[in-house]
Structures are given as structure tokens and as C-alpha cells.
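Okay, got some structures for you below.
Each of the next two complexes has subunit A plus one other chain: subunit B in the first, subunit C in the second.
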Partner chain A sequence: MNTFAAVLWKDLVTEWRTRDRAVAMLVFSLLTVLVLRFSHPMGALANTDEIAPGLLWVAYTFSSVIGLNRAFATELENDALSGLALAPSDRGWIFAGKALANLLILSGVQFATAVFFGLLFDIDFTPVAGRLALVAGLGAVGLSSVGTLFAAIAVRTRYREVMLPLLLLPLLIPILLSAVRATAVLLESGVLPDGPIRTLLVIDAVFAILSFITFEYVLDE
Partner chain B sequence: MHESAIDRTAARFRPILGLSLVPLSVAYAVLVMNAPLDRVQGIIQKILYVHPAMAFAAYLGFLITAVAGALYLWRGEEQYDRLALAAAQVGVLFCTLNIITGPIWGKGTWGRWWSWDPRLTVTMLLWFVYIATLLVRSFTEDPARGARFAAVYGILGAPVMVLNYFVIELFRGRAIHPENLEQGSLGDGMGWPFLVGAVVAILGSLYLIACRIEVESLRAIWLQRRREAPDGGECT
Partner chain C sequence: MSSDSLAIFARGIEKRFGHVAALRGIDLELPFGRSLGILGPNGAGKSTLVRILAGLSRPTAGQLRIAGEEKDRRRVRGRVGLLSHATLLYPALSARENLRFTARLYGVEDAQSRIDTLLEELALTAAADRRVDTLSRGMAQRVAIARALLHQPPLLLLDEPFTGLDVRSAEELEVRIRAVRDAGRSVVLVSHDIERICACADRVLVISQGRVVHTSENAALDPAQLRAVYDRAAEASA
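Our next item is the complex of A and B:
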């Protein structure tokens, strides 16, 4: 548990002092939204309601990949990764600390992205803001848990920036499908749909548990 | 020593599998040629004897990959890793053939190449997942670490695919694949070629897996001899 708090604290302090990762994720995410907006005929926003939830999650996914790539890259300096692996506790807690730090950073970026997205696509998120945050958060839990595990793998391969999305994206489909469905229903009717939320919870639990257990073998120095 | 149970089994069964495939393939070809033409679909329906058989072999390969990967992490014996690698490669091969034959049949029968049917989508994702396990292995410098990474990814991939199936069914689509074959759902004369096709594909994939394991175990023996050689294994 101490390891968990220490890793979490270290990651957040490093991030706060440099703000590298959050800024990179945020700018990338805003640019993604901009590109998505341009892919739509300018001015015409006729069927935005249908595609907006999917586009929003595209931006979330891409920016999380950018951030996760950095999550372990900093640990390569001075071979800090070996130091982490030598910590005298269950390595699962290192994973949990890292994943929670990633989750917090991603949530901040998600919030700013949603604001920008709402402005560009002319959607008013304010009436459903709290519920939307819940859906985004549930999706982010799944993204950060497998994402952190795969970031630890990808960082020690060649072409690591390419490897992470190759590993991550195929396994994200269940999260994306349920999150997009939940967002779509929420924007349309203003209520949280039961089914997709329950599915998200199940997927989050499966991903978190599997990642927690298998992280041991990934950080095997 | 590198000769462990899995390598021995592969070496013993490879010739038997190879020999049995010769008459079976001939029988398969004859049965498919003589199978009746479908009244509605015509000749294209004969892809029935190829397409699902490829899927069975692909799923078998992926199942072996996940189980062998878990055993490798648990026991740490290289033989399980050789099995996982062989099964993943052969699985990708059959999955590719399945994904190629599917749209050909789909275009002829459903009128379009692709549909977001759950089984179709999950098979395509499986294909991506297992290509990623092969990539992560070859992009990792240390082979033992690459094997571990591939095993971890393979273990995560298997349950996610099951989950995926339900999620897609829940939110996306109507299934347009026929439901699991019930007794007698195939027309007269169609059962045998279908069955023999499935057997040939499964035996064929086991044969290829055995060949692949033999290559890998020879490679392991060669590496070990090179390490043990007094001159550092330089070729003279």
C-alpha cells in the first residue's frame, strides 16, 4: 500500500512540476477535435447528435495513447524501472499507483476536451455534465488500467510509440462500444442508461484485475 | 536439455499427422466436388466446406496460445513458449484465410463484403490481437522478455474476446451468421464434406504447429551448443 501511495505521489508531483504530459495530451486532444470538426462539412451540423459521442471518444482514446506512452518513458532514465522492480512489495501496487496517476491526468484532459468539443460542435453538455463525467470516468478507468500495463510492455520494445496503440486498440473495443452507447443515450435523453453502465463496470473490473495480476510478469527484471 | 515433453510429442506426431493428411485431403476434395449444389446460392455455397473449417483451426490455435502462454508464465519452461509461438503463427494463418474466404461468400450471398455481425467483428479483432502478440515478441530484444510480453498479452486477449462478443451483440448488431449448426440443418450430402473439411483443417493446423515447434526446438538446441562451444560457436 505504501508503494502505491509513493508511486502515485511521485508521478503526480513529477507531472505537476513539468506539466509535460498533460500539456502534450491536451494539445493533441484539442487538435484531434479540430481535425474531426474539419472532416465534417463546415457549418452543416445536421447529424451531429449521431456522430458526436463516437468522435468525442476518438479524441479521448487518442489523447490517452499519447499520455500513456510517456507514463513509463520517464522511468527509463537512470534505469529507474529496475529501481521500481526492486521495491520490496507486490508489484501490483506499483501498477495501481501508475494507473491511478494516469487516470487522474486523463480525467483532467477529458474535461478540457469536452469543453472544447462542446464549443466546436455546438453541443451544450452543461445539463448532463455530472453524468457525462461519470461515463467518461468509467471509460477512463478501463483505458488507464490496460493502458498502463501495455505502456510498461511497449516502453521496452523497439518502436515503442507505435507498439502501444497496436497492443491497446484491439482490446479497447468493448470499452469504446459501451462508453459511446452510454454517451449517446445520455446526450439524447439526459438519463444514464443501465445496460452500458453495467457493462462498463464489468469490463473495468476485468481489466483492472487482470492487469494487476499480470503486471508482475511485465516488470520482471 | 531442450528435448522436453512438448518437443518429443511434436516430433512423434508430425509424421503421423502428415501421412494421414494425404488420403484425408483427397477424400475432402472428392467429397466437396460431389456435394450437391445449393438451390439458391449455387456454386459459391461450396465455400461452406472451407470457411468455417478455417475458423475452427484459427480458434484452436488461439486457445492453445492463451493456455500455453499461461503455462509459460506459471512454470517458466521454454517448451510452453515454443508451443505458444507456433500456435499463434498458425492461428494467424488460418484466421487470415478465414477472413479472406468470409467476404467472398458474403458478397455472393448477403450482397456485401462486410457486416458488423458479432462473430465477424470478433474474428477480425482476434486477428489483430494475435498479430500484436507476434509483433511484440519480435520487437523485443531479449527473447525471454518478448516471450513473457506475448504471454501476458495473449492471456488478456482471450477473455476480452469473449467479452467483446457479448458487448457487440448487446449494442451493435443483429447477427447475420447462421446460429450454431443444429442436427440436420445441413442438406443431404453436405454433412460429410463439412465434417471432413473441419477434420482436415484441424489436423493440418496441428501438423503445422508440430513443424513449427520442431524448428524452434532445433533453434534452441543450436543456440545452446553455440553457447557451450569453446570457441564461442564461430563457424569455421
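Our next item is the complex of A and C:
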């Protein structure tokens, strides 16, 4: 637990001082929303409610990939990753600390993106804000856990910026299907659908446990 | 001598990266309180060996025991301090914050007093709260030394630690390495600098193409002779 708290503290303090990930993720996410809005035929906002969940999760997913790439790139400076891998503790706690830091940063970006999305697409999220935050949070747990694992794998490869999305995006499909479905039902009816939420919970648990266990080997050279 | 009483006991260490053999059966024994220098041309396998000794990489074959520990890789990592040409430090954190972070990773008891002592010993007290990315190369390397020694490891691994240091900083590091050895810890020093290796090491290995091709004990350490062996190794691997 000492390792978990130390890594979480280190990642958040470093991010606070450099704004390395959050700014890049936020700008990319807002630009994605902007592009999606302008690619939508002007005056044809009638069917926005139907496509909004998918568009929102496109912005969340791409911005998370940007942030996850940076999460381990900062560890390469001064070979700090080797220093981290040398820690005489269960490396799963390193994963947990980094995944939670990624989750917190992604959650902030998700909030700002949802506000911007609502303004541009003329959707009022406020009646379902709490429940939408829950769905976004459950999706973000999955994105962060499996994303942290694959970011650690990709960071040692030559083409890491390309490698991470190639490895990660196919694995995110079950998360995206459930998250988009849950968001769509929520925006349409105002209630949380049981099925997609349960699926998200199971996927999150499986990804988090597998990532925790396999991280020991991921940090080996 | 029992392998449990050695800082390093290695038998037949091999490492392959796909079809490329980086190490081809390295045997190594290093008692506590002794220092070992490792020389070799680029690509000889020196850094690969250091990273295996540190627990950062697994050997493809062979037996390795560090300070009596073989099976539990976590405990092996806890018995090693690593210093390389890269400082392993976070640039956005201060020197003190980097050391505090390391102390938590290693579960160092009474960390604050240990950090203060090391900062004082390494003449870093005045710079302790400056971010690492504002320190000179020599100062950052001293913080890296403090980082490597913080948990008082019985084995200190130094991989090209003189790279990028000015003359004065390199001399200070040389003194520090000897002090660490004299305090009863074992030191492995990898470098291209034959004179410094001779000044710091009790024993020197020359590695070429993943094999030990020469060994000298301290009584016979002769920089000129080592230079000749080194040059032959470099020619062989060219």
C-alpha cells in the first residue's frame, strides 16, 4: 500500500506541476467534440440524442489514449521507469497507483468534455448529471486499468505512440459497447439500465485484477 | 566460500534477445565488502549483466543469487542499489521529494533522518528543495547516489556512472565509491574508463561478446595491460 500511495502521490504532483497530460487530453477532447459538431450537418440536430452517446465516448476514448501514452512517456525521462521497476514491492501496487492517477485525470477531462459537448450539441445533461457521471466513471475505470497495462507494454516499443492505440482500442470494444448503451438509455429515459451497468462492473473487475497480476511481468525487460 | 556469504553468486548466466545472444554463460562471485570492475567494448553485454543483477531483467538460463537471495525477486531488488548514467530521478520533483518517494517505495524506516543525513553527506542540503530539472548534471548525479544508497543496499551497481560528469564531479564520485566499499558494501562498476576502474576496483573482468575473456585481481591491476586486453576485445567484436 505504501507503493500504491507513493506512486499515486508522485503522478499527481508531477501532473500538477507540468500539466503534461491533462492539458493535452483536454485540448484534444474539446477539439474532437468541435470536429464532430462541424461534421454534423448544420441544422440537423433533430437526431442528436441518438448519436450523442457514441460521439461523447469517441471523445473520451481518444483523449484517454493521448493521456495514457503520456503516462509512461514521463517515466522514460532519466530512465525513471527502471527506478520504479526496482522497487522491492508487488508491482501490482505500482499499476494501481498509476491507474488511479490516470482515472482521476481522465475523470476531470470527461467532466469538462461533457459540459462542452452539451453546449455545442444543445443537450441538457443536468437532470441526469449524477447518473451520467456514474456511467462515465465506470467506463473510465475500464479505460484506465487496461490502458495503464498496455501503456506500460507499449512504452518500451519503438513505435509506442502508434502501438498503444493498436493494442488498446480492440480491447476497449466491450467497455465502449456497454458504456454507449448505458449512456443512450440514460439520456433517453433518465434511468440507469441494469444490463450494461452490470457488464461494465464485470469488465472493470476483470481488467483491473488481470492488470494487477500481470504488471509484475510487464515491467521486466 | 558458501554462496550465501557472497554478495553475488552467478553461474552460467545467459541472456538471449530473440536470436541474439547478449550473455553466453557468465560465472561471477563477489564477496561482501569487495568491488568488481567490468570493462568491455560497446555491445559486450555489460549493461545487460548489470540489469540482470539488479533484477530488472530475467536471465534466459543460469543461476543467480544476490546477497543470499535467489527465489524471491522482490527481496533481490531490495538488496540492490542502482546508479547509472541516467539518474532515475523525476525532473519535476525536488531532490528531497525524489528521495522521499524512493524511501516509501523501499519502506525505509526513519526516512526523514536518513534523507537529511545523505543530503548533508553529499553536500546537497542547500539544493534539497530545488527541482531536479534545475540542478547541474553533477548535482543530479549526487542526488542519484543518495537515491541508490537510501535503503542501505548490500550491493551497489554502477553502470557508466561517470558519463557526462565534469572532472571534479567524477573525482568526487570515485571517492564516494571507495567509501561505499570501505563501509562493507559490495560494488560493481561498469565503465569504459580503465584508469577509474583500476582506482576503484579490487578485481576487474573484461567482457567481450557476452563472455568473460579476462580477469585481473587487485594485486595485478595494470591499466596498460587492461588497455591491451580491452583493445583486443574491441577488435574481436568489431
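By our rule, the second predicted complex is superposed on the first by the 220 of 221 C-alpha atoms of A that agree within 3 Å, B and C clash if a C-alpha of one lies under 4 Å from a C-alpha of the other, contacts with A are read in each partner's own complex, and residues count from 1 in each chain.
One rule holds for everything that comes next: contacts are C-beta pairs under 8 Å (C-beta built on N, C-alpha and C of every residue); 3 or more make two chains touch, one makes a residue touch a chain.
All of these numbers come straight from a predicted model, not from anything done at the bench.
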Subunit B versus subunit C as contact partner of A:A5, first or second or both or neither: second
Touching partner for A:R181 - first (subunit B), second (subunit C), both, neither: first
First, second, both or neither for A:R19, with subunit B first and subunit C second: neither
First, second, both or neither for A:D220, with subunit B first and subunit C second: both
Contacts of A:L166 with subunit B and subunit C, given as first, second, both or neither: first
Partner chain(s) touched by A:G195 [first = subunit B, second = subunit C, both, neither]: first
Subunit B versus subunit C as contact partner of A:D90, first or second or both or neither: second
Subunit B and subunit C contact sites that coincide on subunit A, given as residue numbers: 220
Subunit A-facing residues of subunit C, complex: 51, 54-58, 74-75, 77-78, 80, 82, 84, 86-93, 97, 101-102, 104-107, 131-132, 147
Subunit A - residues contacting subunit B, complex: 146, 149-150, 153-154, 156-159, 163, 166-167, 169-171, 173-174, 177-178, 181, 195-196, 199, 202-203, 206, 210-211, 214, 217-218, 220
Subunit C partner contacts - residues on subunit A that touch it in the complex: 2-3, 5-6, 9-10, 13-14, 17-18, 74, 77-80, 82-90, 220-221
Residue ranges of subunit B in contact with subunit A within the complex: 73, 121, 125, 128-129, 132, 135-136, 139-141, 145-146, 148-149, 151-153, 155-157, 159-160, 163-164, 167-168, 170-172
